[in-house]
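So, here come the structures, one by one.
The following pair of complexes shares a single chain, subunit A, combined with subunit B in the former and subunit C in the latter.
== the complex of A and B ==
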């Protein structure tokens, strides 16, 4: 079989637009280039605006992780102002953010990732009939159930935040709505519904037992619920060895709470290191951007309107200490120290990524329940936060898909610099000056391609296992 | 086989019972503000008329409209609407990928030529020949023109498609352009908001599917049934406005008491939308109820009005009884109606000329 080139895209069932160019030889992918073909220029739009406008504009980068963008902007402004939310506001903000992340994970699993297993190409596999019933795109019973569970969960965001997507209630000084005791009871009822959905449909067992899994072997033996169905198919298709990432995992730390973050941040590469934002630089050698590599506080966004031949994406290539890193639920759980996640981080393939996300779903439901139980209504939910006319601020947060950072520079009361590095910017970055591919580009090398396959199934599984959000990637 | 099935057939196929179907018809009538006598008419229309195919395309956007849509209030309403339109082509939710997906789009266009509704989420960027938004190797603006050519009508979902939204904020780096400035020869219904309320989206689409015509539109092309009143008119904090009780700071006592947010920059007094009546997330709340002012996201240009926390200053020009049409008319009257109309026509012509030359170049 001779080498050939294949363009896969537009990818559906991802947030936003994505194209991947593959070189194929001997039935395997030998090289991959990820292109984000959508550019809107948010970082340019922010220039000259008042800093507080970031709270309204940046969430609109993405309609699915909008609270994550809102949190990062809030934290950047709070850093600029030297402000901190009162403890109860931290809890309320963590609940808002956590519910969005939980819903994003459900959307990814039920609407975007699993429908690939219901494809006719897998007919004849032992699990296909069940998959088709549960996960056929736009029709499967699992999809419908997940949509309903999500809608119910978003009542919590509605209650605390007024509306979703694009909630405005989180501010540098706290949250604008002080929930009452009655609100708390309503939210608890919503969380009970969510637990019921997870235990009946996703895990088919108490979620504490999934959260307590300690080894990859124990996870592989999980049989119940949609999670069990996935693991069965994953085992049959050998997805554990497919789509290996760089093995370096970043998390900025998630859910700032009064006693410290719900899940602590760091860099995991088999050992744990502190995460240092000073180590971050964005390389522009293969993106249609002008200028040199820079730390986001100095970085600029100057699109190369000639779209030069040597580049192939609007996405910049962020690197940590010069290296490509992977970010997401698996990274977050491995960095936070969960034994199962750390074992999965060694595999670092499709099964590990999805398994890490399932683990986080179970743990996030528990975290939300605990945070809500600790929330004391009728206390102080807002402090004064005055924004200075000059200064800098960094807002580091964790979206469902991984590490998100906002870097703001203010001069004369106006924004003089605003740079954003989103999770998918890390995961779907193009090559850097040394020619090192981005995480998904590297993960695709070696993926099997059957004769005559135009949209290889292995590529679909690998790409979607990262849960790309292309809207956020380039912004 | 080429005959299109009726809505009722589709619903039966989805396993929806007759009882649920009738319940859905009543709900629809209620949501659209129609008298109960309309229920049998809706039922009859759905039983006998071929369903209307819908093509849903995405340009420069953030997918928030889709996100809102799939959380419509009544699970049945959502199910029915989803199966009715069955999203003949929608690249966020559909099963096919890559070339198959493009083939599916082409097939839908040909099969339902002249009969389908084109739902547009997001807008086309026109700078650099549209290279800032590429779908299937071609600028989105081309896909949009192609899909619009044989559409019966177009729905512009959200602030992006209707007006441009934040990506069109100064300096509008990609020249993000609303749909009606690119497609000038089709009926367009604007459903603005960032995103629009889910029930407004399903309400509009159900109305069009049931009655086979556009709902009554206001001067700006928005469905009057949902955009006929200001948020301020039905705001539960309105008594505090009338009594002069305002929040002055996020952390003050008045904020805790739930006073009016006008001084915090609330745009409720100048924004036409159903937030204060229909509310969000299945009727749970809306931004003002969460203690933050309205930013006016269903109004043209809301993103470039100074900071979002500037106070509305042109409040005294009209009373509670005004509607968007009357205010629009007043504004046009000030400018000189003739001049405005002339300007609009020339803009239209020049847009058409431009699109023609562009087509010839391509």
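== the complex of A and C ==
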């Protein structure tokens, strides 16, 4: 096959808008460019507003990571004010946030990622019939069951947060609703339903068994539930070796709790390093933005209205110490020290990313159960937090799909700077000034393309394995 | 009826909320009502080239389209080109696609406050020149123009909300499918009256506090949030406290104010979202359909008559004083 180019879009079942340009030669992708084709300008919207307006506006960056955005804004304002939530409010906020992340993982696996294996192109594979029954888009029995489980789980967010998405319940000083003993019992009942779904359908076994897996080999041998079905197809299609990321994994640390974070942060590249936000800079060489590379506390958002030819995305290119890094559930679990995740991080391909997410689903259900069991309804859930008229704040959090940061600068009681780096800004960043591609762009190189494929299936598996949220990417 | 769903400049949260529909879930509900997605960016299998071919068939008329749903504001910038949002793979702006496809549809539904009025996407300086389909904030117009009507004579159906309640969307679509949504079923801002004829205040669990103007002073206190905490549930349309969200809850039930997310320009209140603007100590925004003097007279009377139970609970984070039990007769 001679060299050619393909433009893939609209690229759906990723949250938001994505276009991928591929160069292909010899039946393989030789170069990829990821374009985030939507600019809404949230960082501009925030300028001149009251700092506390971030609590209402920034969750609306994203309808799927809404509480993650809320948490990052809350932590940035708390940092600005030097405030901390009371212990029980930390637990309540972690429950709100954890439920969203768990639901997002289910949405990704059942609605976004798995339906590709039900495509007619895979008819004839030993696993295809079962896949089609479970995962055909909008029809599959697994997908419908997951949607029901997800809606029930969101009752917890309803109870503590009023509605999902876009709750205003989490504040720098705590949470707005003090749950009662009855509320806690009710939420525990909701969590039992969630466990039942995970054990009956996703894992086909006690979720402690999946959480206890220690090696990639042991995971590959997992046979039961929808997880087993995925692993069977992944093995057949060679997905473990497909879509290798940069091998450097970032997590800011998730779920601040009274004794420290539920899962600690760091940078994993085969060894663990502390994660230092001072190492972050956003490069603008290939994005339709004006100005130079900057740390987010100094960064600006000046869109290039002419959309110059030498750039190809509205997404900035964040780099950590000058390097592209990958973020997400796999990163979080590897950084937090789980042996399976650390072994999968060496593979760093499609199977590793999805396996890391399955592992996190099991572990997150357990974390939610423990956090709810520890919640003391008789306590205080809100302290007053006064915001200063001058200052800076950083809010670092973890969305389902990876590391999220908000950087706020306040002058004269108004926002003078607000910069956001979302998980998919990291994973789907364009090239930087040195020509180094972003993680997904690098991961796509080498992906097999069959004769006549206009939207290569391998490309779809790789792109979706990152669980991109394009709404957050550019914001 | 078939539905083509496009995501313009928004957060996708109205789709995410739609997926929270329960008893039954959205797929079963639509199946039963004879509704199917021709394509939905979050839910459909088709991607890339398959979708481009479908859009071209709809545009040419080869594929009939019953309902066009647009979620998110439409960006007209920079400089009127719409290039702040190109529909991936097509080389054309969302602005261009929506303008071309809307006349092909039997009905056009704007889903969410961004699509209806511009919403949060049009906040601040609005450098992207974001607008709704048939309104720009309070002003009629938008990208389809004030005079746009579908073949049945309906304007754009504005299912406003940030996000929309799943049932507002499913019930609107089912009513359209059944031919039961006529122009008189929409209010002056194009919103379905089945949820826009009620106020967030209706069914609010803080009603007893409201009656006595027993007010919360800080978030997490359970009193009424109108006087100090920016709640405009007495002026905002919606049935959130009647219908309930995510298992029967709502913003005010969770202890934070209604910010009237179903209304044009809610994103720019001109004051903090959780603070009540006052003039000489009196809240500026009082209920819209009541003479101010009457309201003030009733408020001062009821404040003076506030039972100690209500006054104390209003500034607590849970009920501290339960209702007095009635003595048995005899």
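We take it that the second predicted complex is superposed on the first by the 475 of 475 C-alpha atoms of A that agree within 3 Å, B and C clash if a C-alpha of one lies under 4 Å from a C-alpha of the other, contacts with A are read in each partner's own complex, and residues count from 1 in each chain.
The working rule: contacts are C-beta pairs under 8 Å (C-beta built on N, C-alpha and C of every residue); 3 or more make two chains touch, one makes a residue touch a chain.
Source: prediction; values computed, not measured.
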Subunit B and subunit C placed together on subunit A: clash or fit? clash
Under the stated touch criterion, which partner chain does A:180 make contact with: subunit B (first), subunit C (second), both, or neither? second
| task | Tell me which partner A:41 touches in the superposition: subunit B (first), subunit C (second), both or neither. | result | both
Which partner chains sit in contact with A:18 here, subunit B, subunit C, both or neither? Use first/second/both/neither. second
Of the partners subunit B and subunit C, which touch A:247 in the superposed model: first, second, both, neither? neither
Practice task
In the overlay, answer first, second, both or neither for which of subunit B and subunit C A:166 touches.
Solution key: both
| task | Using the touch definition from the top, say if A:391 reaches subunit B (first), subunit C (second), both or neither. | result | neither
Contacts of subunit A common to subunit B and subunit C in the A-superposed view 7-13, 15-17, 19, 37-41, 44-45, 48-50, 52-53, 55-57, 60-64, 66, 111, 115, 118-119, 136-138, 144, 147-148, 150-151, 154-155, 157-169, 171, 173-178, 303, 305, 307, 314, 382, 384, 454-455, 460, 471
In the complex, the residues of subunit C that touch subunit A are 7, 9-17, 19-22, 25-28, 37, 41-52, 75, 77-79, 83-90, 120-121, 123-125, 127-128, 130, 162-163, 218-220, 240, 244-257, 259, 261, 267, 272-274, 317-318
Seen from subunit A, its contact residues with subunit C in the complex are 7-13, 15-19, 35, 37-41, 44-50, 52-53, 55-57, 60-64, 66, 107, 111-112, 115-116, 118-119, 136-139, 144, 147-148, 150-152, 154-155, 157-169, 171, 173-178, 180, 303, 305, 307, 314, 380-382, 384, 454-455, 460, 471
Residue positions on subunit B within touch of subunit A in the complex are 58, 60-68, 70-71, 75, 78-79, 82, 86-87, 91-102, 125, 127-128, 131-137, 165-167, 169-174, 176, 194-195, 249-251, 255-256, 275, 279-282, 284-292, 295, 297, 303, 307-309
Residue positions on subunit A within touch of subunit B in the complex are 7-13, 15-17, 19, 37-42, 44-45, 48-50, 52-53, 55-57, 60-64, 66, 111, 115, 118-119, 136-138, 144, 147-148, 150-151, 154-155, 157-169, 171, 173-178, 303, 305, 307, 314, 382-384, 454-455, 460, 471
